[in-house]
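Here is the structure we will look at, set down as structure tokens.
Here the chain labels run A, B, C, D, E and F in written order, and each chain numbers its own residues starting at 1.
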Amino acid sequence: MITKIGKSARHAGLAAAAFGTSMASLPAMAADAPPAIDTGDTAWMLVSTALVLMMTIPGLALFYAGMVRKKNVLATLMQSFSICCIMTVVWMVLGYSLAFTSGNAFIGGLSRVMLNGLGAGISKGSDVAFTMAAGTPAATAMTIPESVWMTFQMTFAIITPALITGAFAERMKFSALCVFTIIWSLIVYVPVAHWVWGPDGWVAAKVGAIDFAGGTVVHINAGIAGLVAALVMGRRKGFGEDDFSPYNLTYAIIGASLLWVGWFGFNAGSAGGANGRAGMAMATTQIAAAAAGVSWMCAEWMKTGKPTVLGIISGAVGGLVAITPAAGFVLPGGALMIGLIAGVVCFWGATGLKHMMGYDDSLDAFGVHGIGGIVGALLTGVFAYGPLSATDASPEGVSGSFHQFIAQAESVGITVVWCAVLTFILLKAIDLTIGLRVTRDEEMEGLDMSLHGERINS
Amino acid sequence: MKFVIAIIKPFKLDEVREGLHSIGVDALTATEVKGYGRQKGQTEIYRGAEYNIQFLPKIKLEIAVPDAQCDKVVEVIQSASCTGKIGDGKIFVLDLLQAIRIRTQETGENAL
Amino acid sequence: MITKIGKSARHAGLAAAAFGTSMASLPAMAADAPPAIDTGDTAWMLVSTALVLMMTIPGLALFYAGMVRKKNVLATLMQSFSICCIMTVVWMVLGYSLAFTSGNAFIGGLSRVMLNGLGAGISKGSDVAFTMAAGTPAATAMTIPESVWMTFQMTFAIITPALITGAFAERMKFSALCVFTIIWSLIVYVPVAHWVWGPDGWVAAKVGAIDFAGGTVVHINAGIAGLVAALVMGRRKGFGEDDFSPYNLTYAIIGASLLWVGWFGFNAGSAGGANGRAGMAMATTQIAAAAAGVSWMCAEWMKTGKPTVLGIISGAVGGLVAITPAAGFVLPGGALMIGLIAGVVCFWGATGLKHMMGYDDSLDAFGVHGIGGIVGALLTGVFAYGPLSATDASPEGVSGSFHQFIAQAESVGITVVWCAVLTFILLKAIDLTIGLRVTRDEEMEGLDMSLHGERINS
Amino acid sequence: MITKIGKSARHAGLAAAAFGTSMASLPAMAADAPPAIDTGDTAWMLVSTALVLMMTIPGLALFYAGMVRKKNVLATLMQSFSICCIMTVVWMVLGYSLAFTSGNAFIGGLSRVMLNGLGAGISKGSDVAFTMAAGTPAATAMTIPESVWMTFQMTFAIITPALITGAFAERMKFSALCVFTIIWSLIVYVPVAHWVWGPDGWVAAKVGAIDFAGGTVVHINAGIAGLVAALVMGRRKGFGEDDFSPYNLTYAIIGASLLWVGWFGFNAGSAGGANGRAGMAMATTQIAAAAAGVSWMCAEWMKTGKPTVLGIISGAVGGLVAITPAAGFVLPGGALMIGLIAGVVCFWGATGLKHMMGYDDSLDAFGVHGIGGIVGALLTGVFAYGPLSATDASPEGVSGSFHQFIAQAESVGITVVWCAVLTFILLKAIDLTIGLRVTRDEEMEGLDMSLHGERINS
Amino acid sequence: MKFVIAIIKPFKLDEVREGLHSIGVDALTATEVKGYGRQKGQTEIYRGAEYNIQFLPKIKLEIAVPDAQCDKVVEVIQSASCTGKIGDGKIFVLDLLQAIRIRTQETGENAL
Amino acid sequence: MKFVIAIIKPFKLDEVREGLHSIGVDALTATEVKGYGRQKGQTEIYRGAEYNIQFLPKIKLEIAVPDAQCDKVVEVIQSASCTGKIGDGKIFVLDLLQAIRIRTQETGENAL
């Protein structure tokens, strides 16, 4: 059986923004005139876009770079930065159109290739608010210009492949990374985004599982791809023997902090406007991140006797991941529980599980994003609170229940399978053609010098 | 003249310097080094992985001294930097053929 | 005689936001229907919350970490980050309710324990704006959801204890820090916040002194607590003899810069919405920070012959502190004066005074925040400009005068006494039970390794 | 013949904000009552101001500091930070009034000296929106308070001289820098800003060239001043022989990333509100930055065999510069072309051209900002799309054409000549009085220690 | 006793340490140094400027060894750190007059 | 052979290297060290606290030279690095028993 991830609820968020909080747009919607934008909602979505961009550069770039050895710091930063550049072009040329325009149930259309027509809604004296899939039965009205929606979604398409790089840090060829990013985003990310968030995706069509801000599309996707990559590429030379201690955790804390701040754009921005749901999503995001930081720290303190910096920031990021699918749908108490659980489970994922299995997920892309994403997706089914996820179509919303828990589990399963299979095939194909991994000597010398001809002098 | 090389624990630096000062030795050169020795097995924990950090931060002191002062210097360093715990470090004494003070071109013990 | 700190003016800011700038809410307020939120105000307050969070992580964390020795960099970062996590939970569980719900004159009630009922205002199609203490005579209407107000205030509750850590950097036990943070915030911060900003606090009830964005509640409170802590804990081993030069001032500049940027959320956000007062608060904040940076730099240049990086950033932060109580109430000229004075006085506080008295306020939590906060509170009484602080209740607002200056001084006195006494008792109690300070050997080895088992490799 | 830069179009942006997207202000404008502010537009402009401030501190400070040698890192950071402080005061005291009030065609008036009267628009219950040059025929209505407009423009006045410092890094006296900043901003920046953006500037009066967010006023101005400074001051000692490799490119990446994020405020904020043009400006900014990063990287990869971190970030910044004059006027396809071209041309400017000519533009202030600014200004004339730049006065807007291209070229020429001549005279005057350059010994020792008495310990 | 100083390529450190371990030498001191030698001419590229980076990162090892073990130690370092490419480094042997273990005050070969 | 150790001011590095190059010495090893000596008393000012920074950054050069070249090398270093101000540094000469080039296994003066 096929499960349905999040469309109704997601769109509910948007619909609430359109109908609820902005009085200006109400009359416009009623008449035949195209709906005007709401400046408050637009302001918040412009900011959210900037915040999510900041999550990748410099947030994630630093978070990861702070955990590698000195000889790989620049190469690790380069991965996030170059993915930001590459994905922007990919999204602009093809990705956005395939994900967010009407096509068939499996993939969107080509009407926005090269962002053709994006400027149409702007005209002197009256900016038109975007209606996704306008003219189709799946039409979803928003209160912001399409350019803002497109760019906001672009930042999600950027961070997802960037998250994966944590799994194969310190050993992947840069050319392979570029090719992987382009193809993976088009064959894994874009379809899943269309199924879940697109106007006519097949998963969205059968309401069931809910996903507020991308726990499945972004985090589980990235985590699973990371796990597959870690398995396909093998361990770093010296794994378990040499000194792999992080060069400068200061960078990792700056990165984690900017991820946290930027996540307000990710989660509260997913409300589509500056409304009550955005406020609640910000509150729950903050609470879950903090609770997970505390719970990882306590677990570690009890187990090893020392609470570490790397521990508390990893916990906080794990909490942010776990609250992502739930942010706009749970009450503060639920967020607290999700955070506390996620912190402990991610601690186990990044330490116990990884060491038990023996794969080298260098910076715990799977341990934090994969595990945290799955925990969050499941717990969303437990703690969802009806009135927060209410929509016109389903006024009572979705509440936590065993049935909902199962629906969430199925949606996780679908994503895991699709992502794992395609990622595996893609990596094997790249390995057979241009090769995935640097040579042993390059790895020993460090990627900074061998791939980019630069080094940190200090 | 002798060239004394001492590997000590970083946080003992100030004590050693004060000890040397009290016997009139007021010039030395210090370097941050990584020491590998018996004290191995100290573990650092990163994300629950107990990395066996084999190289530990140490300070290396280099001090050129007149022959007459050498024993005293070694003694002072030894007592000021000793904690009795593993990893306290070593002192090595080499022979020093010549010393020159760059500023004045003085040589020999006058240059120290 | 007991003075009254800021409530009327503070609420004036909110009231202005509610009644003045957002047309949408006007009709709603008139009728019996619950007031709708204003999306523009909500957008700005969402952003302000993110900005104030960014002040603590990574802003303050880096500002402080850049001034310590290499062996304590991570431990110093850890203090701000862990306080962020811990205070979020404390605020959610108990703090917010005790500070901002109706109770008695000294402490709030328990109606929002665990943020119970926070989700009530969000319903499909019409988000309700928050009215603090709704149904009581002290009711204050806002134009944003309660979730946003709660989270915005949470970021203030986070940064206040984090500021204190500058006073005892490089020597406090981490376990003692956690305990201190939890109890101090509940017995010092929360009551003062209630007296000043809560709906029925005793200080607020007798209008007199004014405090726009928390000069008293946040900065004087933190500065005095820091001074007491520096005195109770004693100096760092080697103080005045060993080389205590900062490891990497680059971090301190990044931190100071992010504090500056984030302070726009702190001060302009304290207007409660995106209105003229917010704009003026942003302008005065910018001017005072810059003027104080310039004046510290010049004082130092004249005195020692060299303008230092640490000097100019300390001055700028001192200016930001000093303008905090005044931001929305003074004209640009007043802000310039406040900045110029604060820069010189904080220079004296962090250098002359500290060395004269001989206490070891490691990173000048008192010298900058305490002194700067007091300077600012007093000068607010000198430079306040009536029309900017006007409210419905007091249409001519508060203008600078000798009388007002005295009122400000009294409010400072109350805060100083309450904070000093309770902080002292608390620290002594912790010292007698679990101990405040690391051992001599741990201090020599550095807190990074001895408390957290991590180090910066470089 | 004299060309006209941008006024009509710039004001068009503002007018669109005032008339188009905010329904609240429409009735107010119609009547005689002063126009009310729009909270959504105000929220976005408050945020944009914070974002542009973040571009300079810590963005640009880190971008530059990451490229110098260890002994000059703090001094380089100090340049941006102190310019931020100094320019704030200059702008407040004199700059804003001279640039943005009615005066004559060449310079504004003195009515806002010391920001006199800035608080007038804020009154209890009704904040008045700013109308620039109210009461004159050049009146331009906005939807935000004047305090916000003033502070937003202040951040532009800050970043422009800060950009120049890249050209003479590692060798300028700090006192000379302070003097240069104050005078240069008043004799070069302020007049050009008045001609182009002021209410009655002579350039603005003769519509022709267009400049959306300051490609001419900010980037060409800074780039040319940098080139002149590099020529006047001569090369660093050891140029071309000693090891000038960057100390820590990590800082440069953080800086470039924050520049990118902050540029959303710079470009999308130049729309004057949260409207469709802001959304489109954000989208084109993102696309051009990414495309330029990719094109520099590819050019370098092909030429030297290795894609460098410094390369891709320089390319991205070059793309951001180039899109600045075009951001709100071009479609995504045009932005892609501008980015791709700018990346390659800036690569040539910072590598080929510089080495060919032999000047020592230390951090490529001219190579990136000058060249990128010129490329952008010219290409704006090629890719401008009429409907996006439409105004009431010119409903069909400006479209790319050979005629427009020539107009753009002339506007570039005017700026280049004015800036080059005055900068040259100013630098010579400073050199003859207090001296421009540190002594040889100070340069060898490093500016951190010799000018500021501080160092990075590591 | 002898004081052996070896300058090697950084990424050879682990191999050398393992080699030494296999012959029972378990203590040494390592320092990050910059080497200048024949291997000059390696260029790094910054903004297209091909800086001639004359100083290359190397690791300096210092090992105090009993006379008897000296040749063996030199041999092991040589073979473990040799890549055959320019820049492999050098090994220097100096005479060591005295060694003291700080913790125990042991001296001479017992202290190594 | 001799093992020359020179402690110099950091900004003299390039000049010394050029001086050595001019007499045909093209290999050396440099380390960032902290020097403590007469030049003490340099104060750095942090928030008005005049810290007495006793350890100043210096560069340590290590150069193995044939006996014949030793005096020349010392002379060149001395003259290139002398500023006449306090803190110029010292040159120490030790005896070098053996040298091995790792790449080729050459030994003795051929290895230098």
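Convention: a contact is a pair of C-beta atoms (placed from the backbone, for glycine too) under 8 Å apart; a residue touches a chain by one contact, two chains touch by 3 or more.
Note that the structure is a prediction, hence the values are computed from the model and not measured.
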Check your understanding: Which pair in A-E or A-B has the same interface as B-C, with over half of the contact pairs matching by residue number?
Key -> A-E
Point to revise | Equivalent-chain rotation between chain E and chain B, CA atoms, steps of 5 degrees | key: 120
Revision key, fill the gap. Comparing C-D with A-B, the one with more C-beta contacts is C-D
Revision key, fill the gap. Chain C and chain F have mean C-alpha positions lying a whole-number Å distance apart equal to 51
Practice item. For chain A and chain D, let me know how many angstrom lie between their CA-based centres, rounded off. Key: 33
Practice item. State, to the nearest whole Å, the distance from the C-alpha centre of chain B to the C-alpha centre of chain F. Key: 18
Review point. Residue numbers in chain B touching 2 or more other chains?
Key: 31, 44-46, 54-55, 94-95
Exercise for review: Give the residues of chain A that touch two or more other chains, as numbers and ranges in rising order.
Suggested key: 24, 38-41, 43-44, 47, 245-246, 254, 274, 304, 306, 308, 310, 453-455, 458
Review point. Which positions of chain B touch chain F when the two form their complex?
Key: 3, 17, 26-31, 62, 64, 94-103, 105, 111-112
Check your understanding: Along chain A, where are the residues that touch chain B in the complex?
Key -> 67, 243-246, 300, 303-304, 306, 308, 310-311, 314, 347, 350-352, 355, 364, 367
Check your understanding: Which residues of chain B touch chain A in the complex?
Key -> 44-55
Check your understanding: Mind pulling up the chain F residues that touch chain D in the complex?
Key -> 10-11, 14, 44-46, 57
Revision key, fill the gap. Chain F contacts chain B in the complex at 2, 5-8, 31-38, 40, 54-55, 58, 60, 74, 77-78, 81-95
